[in-house]
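Structure in structure tokens, see below.
Per-chain residue numbering starts at 1, and chain names A, B, C and D are given in the order in which the chains are listed.
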Amino acid sequence: MPFWPDSASTTAGQVDALYIFMVLVSAIMTVLIFATLIFFAIKFRKRRGKEAEQIEGSTVLEITWSVIPFAVFLAFFVWGAVIYFQERTPPQDATEVYTVAKQWMWKFEHASGQREINELHVPVGRDVKLIMTSQDVIHSFYVPAFRIKQDVLPGRYTTFWFHATKPGTYHLFCAEYCGTQHSGMIGWIVVMEPRDYEAWMTGGGGNQPLAVTGQQLFSQFGCITCHRSDTQGRGPNLVGVYNKPVLLEDGRTVNADDNYIRESILDPGAKIVRGFKPIMPTFQGQITDEQLNALVAYVKSLTQSQAGQTPKAAGMGTATP
Amino acid sequence: MTENVLPDNYSAHHNSHPEHVSSVGSSVAIWITLLICTGLTVGAAFIDMGPFNTIAALCIATFKAILVVLFFMHVKYTHEKLTGLVIVSAIFFLFILLALSMADYATRLWN
Amino acid sequence: MHTSPAAVPQDANAHTNDHAHDNPALLHHFATEGQQKNAASLGMWLFLAQEVMFFGGMFCAYLVYRFKYFGDFGSASQQLDIRLGAINTAVLICSSLTVVLAVRAAQLGKRMALVGWLLLTIVLGLAFLGIKADEYAEKFEKHHVPGASFSYHELLPGQEKFPPADRQYANPHHAEMYFSLYFALTGMHALHMIIGVGLFSFLAFMAWRGKYGPGYFTPVENAGLYWHFVDIVWIYLFPLLYLIDRHR
Amino acid sequence: MATAVVVDHGERENYLNAGYGLKSWLLTRDHKRIALLYLLSITFFFFVGGFFALLIRLELLTPAGDLVQSDTYNKLFTMHGMSMIFFFLIPGVPAVLGNFLIPIMIGAKDLAFPRLNLLSWYLFIVGGLFMVYTIMAGGVDTGWTFYTPLSTEFAKTNVVTAALGVFIAGFASILTGLNFIVTIHRMRAPGMTWNRLPLFVWSHYATSIIQVLGTPVVAITIVLVALERLFHLGVFNPALGGDPLLFQHLFWFYSHPAVYIMILPGMGIVSEIVCCFSRKRIFGYKAMALAVLGIAVIGFLVWAHHMFVAGISLYAALIFSLLTYFVAVPSAVKVFNWTATMYKGSITYQTPMLYAFGFIGLFTIGGLTGLFLGSLGIDVHVTDTYFVVAHFHYVMVGGMVVAYLGGMHFWWPKITGRMYPESWGKLAALIVFIGFNLTFFPQFILGYMGMPRRYHAYPPEFQILNILSTAGATILAVGYLLPMVYFLWSLRYGEIAPANPWNAAGLEWQVPSPPPTSNFDETPVVTWEAYNYDELGEIPTKQEVPVAH
């Protein structure tokens, strides 16, 4: 369809539906106003011997044309809010891709360890979640065919998820002005049939899964000496901590999401887990965003079941669960 | 021409009010209160009241500010309602700035 | 033809133009002194409302970061000298009193008293700035000024009670953030003080020349309002900057 | 009736012939002369900004970035935005038409603080010089929004001088607003009660509230950006744990209400014009006055709708989206009331009325597309695309600039004492309307298709619409140059204007054209409501013109 963007995700259809609804309602409003204007302009044009009739106004009318539009506006609000809520709530079991933006490129790292630049291969019919951060300025990850964009910020994670519905190659734009080559910070989202996707994934070969890289870093940086999988460690046991509430020393409870894990590595003093001493050093400036992503991916991989079944994957090293 | 069609500035209303001249005694009394409050706020900072330390400090500061506005800045004695309106608007919009910004920061961690 | 403006009736003129010719300070576009005075007063209050929002932007930044980095802010706050802060608060409160008395002297037409109180205000204002400068100098010595030379290695509040190995230090980045806000807030406040001292110097000179008296003292009154506002800003800055988490 | 005398062809002393030397202009305290000083200054920046706009459109004629380099392009749109917003739109109507008309409309001899008014212009000029220096020194490329950390840590261009320029011009705006509020409170003539104020005055009152309470926040924010660059105070620095969104909160706290600084005075102008050329009282005076105040106040509660995809909390986004719909209601009320005002009127179509029609139409589209952006689900797709660009140009250019041109035509006889050529005026209005729609309507479609804003080069599928847009821009340029030419022409060759060529209501039409320096020989006493067209009769035809009542 000319002058209409591709639709390639579940969100796209929803956004289009609301958009068409709003265009129709606005068109009706516009036509009504314009028709009235033009009708008045012709009907009440100056005529010889006919004077204007003075009318003070009408409270009833004022209230009517405040309340009715507002009711329509509320429909826009609620519908839009529902879509937004979905866009901002990624499903639990989505395939995760770590994304690092920098002036002026997009870097992706799949859970399997596959790396890409300015091109992202994803399977059709599966939930995909991007965990994004920026190395420098604010960027914005925008895929018009999915009708979604999300700013990518330095110093924290933002997320973006979609469920692609149609194989194809779609534009990826940086939508937040980010400096000289802003318009060159573009790429492609390649949506593939699951079979092709698997082939592509294995095609690269020799990739080490991100969580395994994270596990190596976990030993390399010495995290493992304190964060043991038993209760004897000087730091909290990290098995199964992801996406669970954590009780803090100051009485607050926070959810251990990606940003929490990230912050705990970079700024360990910010949120101290109850019962532990604030002794962990900061890793700010000592690890790259990619390494950080790998560590986060590793901590997330430490689920209870995995820890029980495959100690190797859980990465507890010498400690036995 | 009747009085009620005249805007406030044209009526004799404002000219008829004598300027308030603050008395030395009351000014000194306010001054001493302000100094005592300064001592209080320092003292209160060293008592552990948990989260109420900040609240106590802000309450004392607000009390001091109110004293300054009402007495030193003569707002208590003015016959001009507009002054109060200007102050209230400034505080209101400051509140909007702080409250709606914090509405973002305070709810970022919610899930 | 009542759509055209009629002239002000004679009787209205009589009272609106009251004393119009008496006071050389009455500007041509005002009908009465009262109108002129009320305009000046409203203008000054609006200016102060503007100032509230000006500082408000920085207070908002302060609030956000204090909320996020409470412990580190506490640590950095305790690097400030609470005695100097308290003394400066007292100095400013005293200067507010001298301003009140200056306005009073102007209202009562006591010329030399007016000049005296204004000069005393200037002295107090300079004292405040002197103490502030001393505090700033200390920040430079301790490398607590944000920038390349910034360095910070201090405990979080209340960590002294733990054995040395377990003590936790404040995040130096967040301490630098605190000092950024400290310098922005106190610097902007000090700039307002300097402007105030300049204003009062001008007013003292004009007062000495006998410019102000019971009939016309709006500049003294408005400068006073400005000074009290600057005082109020400090009344908030003192606890917010100096008194975080002192009890630990 | 001393104030309603027939103009006797330039012999009477007026504000223009009261003095001719440079000093009589540069040291003037007359609000009318300061208005003209402002008019010259903002016209300069309008054409500077317009020139940048034209270069931008030419670059976008082809998908490849071939006309200018990308860094040049980035500077072009940045300086286009800064010139237009801070140095044309914000001072635009208030500092020119508001400055000229408000004292006369309320029956005062001048603004409350004439010296402050002059200071405001000088501050504007100093800020403008900083801006001109910035342009001359190689420009600035942060976008007019100065987003951190791009502006603080990464941009290598003249950010500090641009920031200072905006900061200083901001204080010019604050002083104008402060002056208006005090003037409207304190300087009204006897009988000019709040219920009798022209809506032009009401809308400037509402505008002034925003200027006084909003501008300081952006001023300090911009100062913090400059301090971060100059002295490394890292309030926004992510490396120190600074939150990049804090800048956006502080920036939009002002810059969203600032769009109401730009549009509210335009609404005031349209109210005056619609009433005059319909020969009608405004429909729903109180609702109209309340609506402008409502827009000004609620306008402060919606700023984060610029940040829905920026990473704010989900809950904050919901609150701000809902509040956004609250501010849409008074805007809608205004459109309905203008339409209702024409009902049973006796309408004629002089140039100002054509612009007023244009305003209502374009503002309706601009406002309705604002609803799309307020809706969270749609905003996520179209924010930071050409949809936003089209939306705010519909409001800013289709709304404010069109209203400004309408106002300039409406009051040109009053300001200069000369009539502009009517048929040229109508032609220009038509050209502006066509050129504007051709320029910006395709951008809505581009935006929904997904073309991001601030792109120097773009994928080829967007080219057709971009060509249309560029074609429209050239037509629009003609539409803007034409009034420049015939306005200048009319200064010398235009017909002498009577005191009240439109037979319009309002005190400004009861003083001679151009008005004398002190506006009124004697303070008027107002005994009538605003827009008392029932007492005025019809607009005089050409033959009757010079005969004032």
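Just so it is clear, contacts are C-beta pairs under 8 Å (C-beta built on N, C-alpha and C of every residue); 3 or more make two chains touch, one makes a residue touch a chain.
This structure is a prediction, so every number in the text was calculated from the model and none was measured.
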Two candidates, C-D and A-C; the one with more touching C-beta pairs is C-D
One chain's C-alpha mean falls closest to the whole-protein C-alpha mean, and that chain is D
Cα centre of chain A to Cα centre of chain C, whole Å, reads 45
Here the gap between chain C and chain D, centre to centre from mean Cα coordinates and rounded to Å, is 34
Distance in whole angstrom between the CA centres of chain B and chain D is 35
Touching two or more other chains in chain C are residues 9, 12, 16, 31, 35, 38-39, 42, 46, 49, 53, 56-57, 60, 64, 68-69, 171, 173-174
Listed in rising order, chain A residues that touch 2 or more other chains are 267
Residues in chain D with touches to at least two other chains are numbered 185-187, 189-190, 213, 217, 239, 241-243, 245-246, 249-250, 253, 314, 525-527
Per the touch rule, the chain D residues reaching chain C in their complex are 1-4, 107-110, 112-114, 116, 174, 178-179, 181-183, 185-187, 189-190, 212-221, 224, 227, 231-235, 237, 239-243, 246, 249-250, 253, 505, 507, 510, 518, 520, 522-528, 532, 535-536, 549
Within their complex, chain A touches chain C through residues 267, 269-270, 277-279, 282, 284
Chain C residues touching chain B in their complex are 9, 12, 15-16, 18, 31-35, 37-39, 41-42, 45-46, 48-49, 52-53, 56-57, 59-60, 63-64, 67-68, 82, 86, 89-90, 93-94, 96-97, 99-101, 103-104, 107-108, 224-225, 228, 231-232, 235-236, 238-240, 243-248
Within the complex, chain D is touched by chain C residues 1-9, 12, 16, 27-29, 31, 35, 38-39, 42-43, 46-47, 49-51, 53-58, 60-61, 64-65, 68-69, 146-148, 171, 173-174, 176-177, 180-181, 183-184, 188
Chain C partner, complex, touching residues on chain B are 1, 6, 9-10, 12, 14-15, 19, 21-22, 24, 27-28, 30-31, 34-35, 38-39, 41-42, 45-49, 53-54, 57-58, 60-61, 64-65, 68-69, 72-73, 80, 82-83, 86-87, 89-91, 93-94, 97-98, 101-102, 105-106
